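In what comes next, chain A is part of two complexes: it sits with chain B in the first one and with chain C in the second one.
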Partner chain A sequence: MAPAAPKSGDAIFASVDRVNAELFTLTYGAIVRQLLTDLEEVEEVNKQLDQMGYNIGVRLVDEFLAKSNVSRCVEFRETAEVIAKVGFKMFLGVTASVTNWDTEGTTCSLILEDNPLVDFVELPDTCQGLYYCNILSGVVRGALEMVSMKTEVTWLRDMLKGDDVFELQVKLLKQIPEEYPYKDDE
Partner chain B sequence: MQFFGGSEISPSPPAPAASGNNAHMLYIFNRNGVCLLYREWNRPLKTLSSQQDHKLMFGLLFSLKSLTAKMDPTSVEKGNLGVPQLPGQGCSFHSFRTNTYKLSFMETPSGIKIILVTHPRTSDLRDSLKYIYNLYVEYVVKNPLYSPGTPIRYELFNKAVDQYVRGLG
Partner chain C sequence: MIGVGKIKQYTNVLDRPLSKGKQEVSLSAFAFLFSELVQYNQTQVDNIAELERRLEDAGYAVGARVLELLCHREKGNRRETRLLGILSFIHSTVWKVLFGKVADSLEKGTEHEDEYMISEKELLLNRFISIPKDMGAFNCGAFVAGIVKGVLDNAGFPAVVTAHFVPVDGQQRPRTTILIKFAEEVLQREARLG
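And then the complex of A and B:
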């Protein structure tokens, strides 16, 4: 019934409403700056960005499913491909690539060469521990949790810290099947 | 208000047919069994309280999904009956018909279940259910004041759904 290969995100990206890229970058930058001013601790800011991303992710997944029409992925490899090719394209306008699969197929890396969030950004010395794009890790974690996958998402490489690409490691912890929510005696 | 940008990806609504409301009820559940929305247009017979009715409906679908997946003659792997499945996995039934009504069902991988009960001669409603899912995304999910997992109380969404369902043949 459903096609096996993930569809390209280009068609969907072309059809959704788009926002000016600079507005998006500058708005995100303003959010991070404000968080740094309010929270002062870089670790706290990282945590807060992740939480914000999580809240975005749980809603974003429904929009993604509605617009992209993908059916349930059979295995985690397919999930990672769909996120990289369709998901990132649809919402950020850039495609990621999937590499570094481990032997069990539960951990992989998403490589982003181009990231609209970090245009014009340079990290000062006082914020060297800051994961500027931590919102993305929260988004991926939140979205996957809504499709029954508990994951751990961390940054391995960060262009703002001198690396050549952004590398996001996604590790599948477990799949949570649906449980009958009502007690049996009612 | 034009959303979807007229793309061919999301299904355009089927052309409105005869007037009058052909649908009886609509339910939207989330993965935890919370009834997010219940709309009723034409239901002369009500035997249970709303709470029991929702639980019954959710339980029915849960069991039906499990049963249809286990009885699938083309599937290679079969767990035991009663083992919980991931939403959207395996084959899923999409409608059943009796002599007085037809129940159409759609479940997304995120666990959102949409059920529409109509008169028995309705044609396949899968595209319509997808359109209602799109409406849910636009009016409810994107609303920053909505907390996911709570019942939906937005007039705008209710009106949009009513209007769409009224146009179904």
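And then the complex of A and C:
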């Protein structure tokens, strides 16, 4: 059977069940608030958000691959485009754009102009070191690790800190060949 | 004080125009996020009652904000003063905005004057959640109970709100009931208002 053609982000988003973005935004706000109360240190909260994002990412990538029917990406450029156009659209309902490629093609920036996580949010002065959307960096890192790419994801620009867009830098560290946990001849 | 001593390029968040609330995210994104919330809280507590309380607290904050947002956007800043008014606001408007449909039913408790129940065949939250046997009667609907509590408390109707599973004949999964028990003062005020 021929594999189905890859669907566009809009088509998939229209076909999945959706919920009001405000519920999502407010729930995320409640999570960040709980973390801040429990952990108190902004750095700790950043790490915890990244870890939570990582956990989500490793499971999210399965759903992503199942629903989107994308073919295997030949190079990292394609991967980044697919994440920005299909991945973000499918889950968050917004598209990102990919820019700032370095010469080797291993580092790029995902630009988000619209981010449902930060509606109604303002960072108080006491939390200026907080990467409010750090869960997104964890999600991208976790998802890519499950498809054998070890990456480093950092925030370059943050709208909550006064910039005009959200900029996430994704750096490919290395490709990990798939390892089988058993020997073939046993 | 926020904004003092720093030049902020963006306007105060309260000055920005309010969105229409039509934006959506995928259900799975929300389900993943909620599961992380529950998992994180599981690591922070020792027993189920604590876990329910923490989920309720998280929901409380959501409820408080939802009330403000909806009062401003949907009701033109008019405030509910009657019990039935606020209950039907929650049952229809709040439920519709948050979960995309009105709640399945709103009932008055038969045993006590101060009890009301909002029931839902399958809470959106619980769709992808299965409770292990050793957690007994734990219901992630505690988050929704928290939302309802947040709305009621901030609207001036203090209440104790809990979520329960009620098995239903002919249905594999039990339906969820949010039990609302109003405080004395609410009933007295309601009686005074006639």
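The definition used in the following text is that the second predicted complex is superposed on the first by the 174 of 186 C-alpha atoms of A that agree within 3 Å, B and C clash if a C-alpha of one lies under 4 Å from a C-alpha of the other, contacts with A are read in each partner's own complex, and residues count from 1 in each chain.
By our rule, a contact is a pair of C-beta atoms (placed from the backbone, for glycine too) under 8 Å apart; a residue touches a chain by one contact, two chains touch by 3 or more.
Just so you know, these numbers come straight off a predicted model, no measurement behind them.
Enquirer: Looking at the superposed three-chain arrangement on chain A, would you call chain B and chain C a clash or a fit?
Expert: By the criteria stated at the top, chain C and chain B fit after superposition, with no clash.
Enquirer: For A:154, is the partner it touches chain B (first), chain C (second), both, or none of the two (neither)?
Expert: Once the two structures are laid over each other on A, A:154 reaches no partner at all.
Enquirer: Tell me the contact category for A:124 with respect to chain B and chain C: first, second, both or neither.
Expert: Only chain C; A:124 stays clear of chain B.
Enquirer: Can A:178 be said to touch chain B (first), chain C (second), both, or neither?
Expert: After superposition on chain A, A:178 lies in contact with chain B alone.
Enquirer: If you stack the two complexes on chain A, which partner ends up touching A:69: first (chain B), second (chain C), both, or neither?
Expert: Touch status of A:69: first partner only.
Enquirer: Under the stated touch criterion, name the partner, chain B or chain C, that contacts more residues in chain A.
Expert: C
Enquirer: In the overlay, answer first, second, both or neither for which of chain B and chain C A:20 touches.
Expert: In the superposition, A:20 contacts chain C only.
Enquirer: So, does A:59 touch the first partner chain B, the second partner chain C, both, or neither?
Expert: Touch partners of A:59: chain B and chain C.
Enquirer: With both complexes overlaid on chain A, does A:99 touch chain B (first), chain C (second), both or neither?
Expert: Once the two structures are laid over each other on A, A:99 reaches no partner at all.
Enquirer: Check the residue A:146 against both partner chains and state whether it touches chain B (first), chain C (second), both, or neither.
Expert: After superposing on A, A:146 lies in contact with chain B but is clear of chain C.
Enquirer: How many Å separate the nearest C-alpha atoms of chain B and chain C in the overlaid structures?
Expert: Minimum C-alpha separation, chain B to chain C, in the superposed model is 6 Å.
Enquirer: Touching chain B in one complex and chain C in the other: list those residues of chain A.
Expert: Common to the two interfaces on chain A: residues 16-17, 59, 63.
Enquirer: Show which residues of chain B lie in contact with chain A when the two form their complex.
Expert: Of all residues in chain B, those touching chain A are 3-10, 31-33, 55, 58-59, 62, 83-89, 108-112, 130, 133-134, 136-137, 141-142, 148.
Enquirer: Where on chain A is chain C touching in the complex?
Expert: Per the touch definition, chain A meets chain C at residues 13, 16-24, 26-31, 33-35, 38, 48, 52, 55-56, 59-60, 63, 90-93, 116, 119-122, 124-125, 135, 159, 162-164.
Enquirer: Report the residues of chain A in contact with chain B in the complex, numbered from low to high.
Expert: Going by the criterion above, the answer is residues 11-12, 14-17, 58-59, 61-63, 65-73, 146-148, 175, 177-182, 186.
Enquirer: Could you pull out which chain C residues touch chain A in their complex?
Expert: 2, 6, 8-10, 12-13, 19, 21, 23-30, 32-37, 39-41, 44, 54, 57-59, 61-62, 65-66, 69, 97-100, 124
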